[in-house]
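In the two complexes below, subunit A is the common chain; its partner is subunit B in one and subunit C in the other.
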Partner chain A sequence: MAHAVISCLHANLAALEAVLSDIDQRGIKTITCLGDLVGYGPHPNEVVNLVRERGIPSCQGCWDEDIIEGLNACECSYPSQLAERRGHRAHQWTAEQLNDDNKAFLASLPMVLRRDRLVFVHGSPNSQHEYLLPDMDAFAALERVQTADADILFCGHTHRPYVRELRDGVIRVRVQTPMGSQPAAERETAWPVRRIVNAGSVGEPRHGNTHATYVIHDEATGNVEIREVPYDVERTCRAIVEVGLPPVFAWRLRHGFEYAERADDASHVCER
Partner chain B sequence: MSQTWLISGPPGCGKTSWILEQFKVHRGPSGYLRLTGYPDEGLAQARDGGLDLAYLSDQCPALLDLGDPDQALAPHPADLLALIELPQFHPPAQPGLEGVDRRVLPQLQALHLTPDRHLHFGRDSELPQQDTLDFSHLQAWSLNLNTTVWDPDSLSSFWFELVNGAYGDVYRAKALMNLPDGRAFFCNWMVSQEASQFLPLQLLSPPDGRPERLSRLVVQGKDLDPVAIEATLRECLLSDAVLELQQAPLRQRHTPPTRSA
Partner chain C sequence: MARWALVSGLQGDLALYEAIQRDLRQLGRVDTLFVLGDLIGPDRDANALLDRLQDPRRGELAPQCIYGWWEDQLLAERGYRGERRAELLRQQFGQAAVEALELAVDPGHLAWLAALQFGFIELDCALLHGSSADVGDCLGAESSPLLLLDRLTRMDVNRLFTARSGEQFCVELAGGGIASTVRDLAGERQLQQVVPQRKVIGIGSGLRYSLYDPGSDRIAFRSVGQQPGSRGRGFA
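Right after this comes the complex of A and B.
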């Protein structure tokens, strides 16, 4: 059975509608969302409403959390003062626009979703704010998948889709007893193949062009397809300006740049 | 024997860079003057505000400022190389000194400067050719940024957006920008170039409050949005409190103002 995984919608209704249409055309009935339904984009209520109407199971993203909990991330979350100011303005605007019912919905979202050996998170099993980058140290990457007790870990947050296969993983442990009273105990564990699948971003692509991205995973064959879906970018750009969000968000989206720059140290996890 | 050359050309053709190269190879004293230039139909001249002079003076500390009457009218050394920069959109009608724009002569005469040579970018093969563009319409906008200090990462983002069209079609941008650690950069971009230059100034300021050196942004292009540029600028500049927070640790290992290696 094929299922679709979407992530990082960022209140971009035009992009979400195009992606859902693409999924529907393929007859796929099971969709999972990895969070960040809101933030930066101009249609927070409309996007949350559509996800709820479609009954799409979602986990909570970092923006969803911040809208509910209040912005209390440390400054490290932003790569620059400019990005921080813009982020705060987008946060304030989104918090003002979202109705109480939708805020309660976002607050109810779990951090992790599981379906058998498939695990779904926004950033990593550790935090909605942690980036699992494609070139992350293999041992650390394997640790994240293993900790989640998953065969495939689906994540988002980076806005760049990828499939990473972790094979030939071996952990060798040697336990030395005090004073050498006994021979050192050794244990070696070989890990089966694990995969990390990043779904990219529906509403704020960062892969080099303006198309929304998501993934389709076929559980029977194991195949993962990264889908790119063109959508009416100008519709979203016009709405950004009309609702009073910073016009530069529209310019960045129109050119395939993310709304705000990514932190230099993307592996950093905010300790709040 | 002293030499006085008039170097003219359109925005971003490399006048200042070429002049700097001449100063660096000239063994004797050097002097510099930047004339204002004249607007043409649909073409506005940038208000440089002393930006090029500030950069050249940093690179050549003994440079004579020929725009200063005291220095211009003083007896000149015999081997002085005086280079006069003139922004000029279109090539002169006449070759050599015959082609000098007559309107600049009163400015030169007031400073007792008489060019003995005139080179124009795009006309004279002695000058680089590759960056000479022919503009049909050009707005100019500039902003005094004296005493401002940038958040370095914000400067990087702002400059990226500026030269890639977030605030209008920018053909030419140059600036002197201060960083909290006392460094300053001459930022230089032209639409015909692949990338911006970020050239560090030699003279470092002490990390003790706001620097006194000239700081300025000069932009030329079409459909510029100065309101949006200024709004973004304000979000990139450091407040007194943040500046102090960043400079306090630097002061402990600070040595008196010096020139970078």
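Right after this comes the complex of A and C.
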């Protein structure tokens, strides 16, 4: 059975409609959302409403959490003070626009969704704010999958889709304890193949193209397809400016990457 | 190069601390004393020990302290950790333990405890109570090597000294590797990584403590009362 995984919708209704249409055309009935339904974009209520109407199971993203609980991440969320100011403005605007019913819905979202050996999170099993980048330390990546007790860990948050297969993982250790003159014990641990699948971003792609991205996973074959979906970018850009959000958010959508706003320490885990 | 002494889990026991100080004087060639948390506990009045740690006697090694799990719980209960309270302590030991812990420490010591750091970085070593993940992270000789490597990687250190489990151990990452393939919209690439030569060391707790020579990378597990020249517990 094929299922679709979407993430980081970011209140971009035009992009979400295009992605859902693409999924529907492929006859896929099971969709999972990895959070960040709101933030940056001009249609927070409309996007939440559509996700609810479609009954799409979602986990909570960092923006969804922040809108409900107030900004609570440390400075790790933003790579610069300018980015932080813009982010705070978007947060304030979104919090004002979002109705109570939709806020309650976002508050109800779980951190983790699980279907058998498939686990779905926004950032990582540790935190909605942690980035699992494609080239991160492979053992750290494997640790995240193992911690989640998963065969495949689906995540988002980076806005860049990828599939990473981790294989032939082996660690040999020498263990010494204060037990007289006994020699150190040696042991070896090996792990089976594990995968991390990043679904990219529907509403704010940052992979160098303006197309919305998501993934389709075929459980029968194990194949993961990264989908790119064109949508009416200008419709969203116009709305961003009309509602008074920072114009740079529209500029980013037109270019498909986040100008000078890549997190400095992507492996940092926000402790707050 | 002089050695470090690494101590934890004193839990308010001044007599034990004095015994460790005597042991260190007898051993000699120890120039730095690190106390990796759990200075206090619910079982005895900790004020005399806290006074001594802040005001060492002449001839004693001056301790460099960090906070541990018990300090974290007390500080949480007393409002030093935002909205968090000592819920873990409550769950594990009950309300009576929370009250006993509060009674064990005079409020006058709270500011000093609150100023203690999470850990130290010395040379290429991280000195922590739990781990880089959490003060309560309990690493032991049987912990998954993947977990141990993750905790080392988070701090970007070659040696991680931990105290939370109370165990004395040294797990040396001695080999291995991992392959990975990354596929994205730009194409596919292969990555290969080997296990770095790193160690996680459990320093023990209470009367069991450890000595570390950063010059030779030798560690010795000690127990108060052990003869200075005795062999069999230390190793290279």
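Criterion: the second predicted complex is superposed on the first by the 264 of 272 C-alpha atoms of A that agree within 3 Å, B and C clash if a C-alpha of one lies under 4 Å from a C-alpha of the other, contacts with A are read in each partner's own complex, and residues count from 1 in each chain.
Here is the rule we use: a contact is a pair of C-beta atoms (placed from the backbone, for glycine too) under 8 Å apart; a residue touches a chain by one contact, two chains touch by 3 or more.
It should be emphasised that the depicted structure is a prediction, and the values quoted were computed from it without experimental measurement.
Superposition of the two complexes onto subunit A shows subunit B and subunit C fitting side by side, with no clash. Judged by the touch definition given at the top, the superposed model places A:184 against subunit C, while subunit B stays out of reach.
Of the two partner chains placed by superposition, only subunit B is touched by A:85; subunit C is not. Shared-chain residue A:251: touches subunit B; no touch with subunit C.
Vertex at the C-alpha centre of subunit A, arms toward the centres of subunit B and subunit C: the angle is 90 degrees, rounded to a multiple of 10. When the two complexes are superposed, the chain touching more residues of subunit A, out of subunit B and subunit C, is C.
By the touch criterion defined above, A:101 reaches neither subunit B nor subunit C.
After overlaying the two complexes on the shared chain, residue contacts for A:24 are found with neither subunit B nor subunit C. Here's the short version: in the overlay, subunit B gets within 20 Å of subunit C at its closest Cα pair. When the two complexes are laid over each other on chain A, subunit A has no residue in contact with both subunit B and subunit C. On the side of subunit A, the complex with subunit B involves touching residues 79-83, 85-86, 247-248, 251-252, 255, 261, 264. Considering their complex, residues 133, 141, 144-150, 153-154, 167-186, 191, 193, 195, 208, 221, 223, 231-233, 235 of subunit C touch subunit A.
The residues of subunit B lying in touch with subunit A in their complex are 151, 153-154, 156-158, 161, 164-166, 228, 232, 235-236, 238, 242.
Against subunit C, in their complex, subunit A makes its touches with residues 126, 134-135, 137-143, 146, 160-178, 180-181, 184, 186, 188-189, 191, 207-209, 213, 226, 228, 267, 269.
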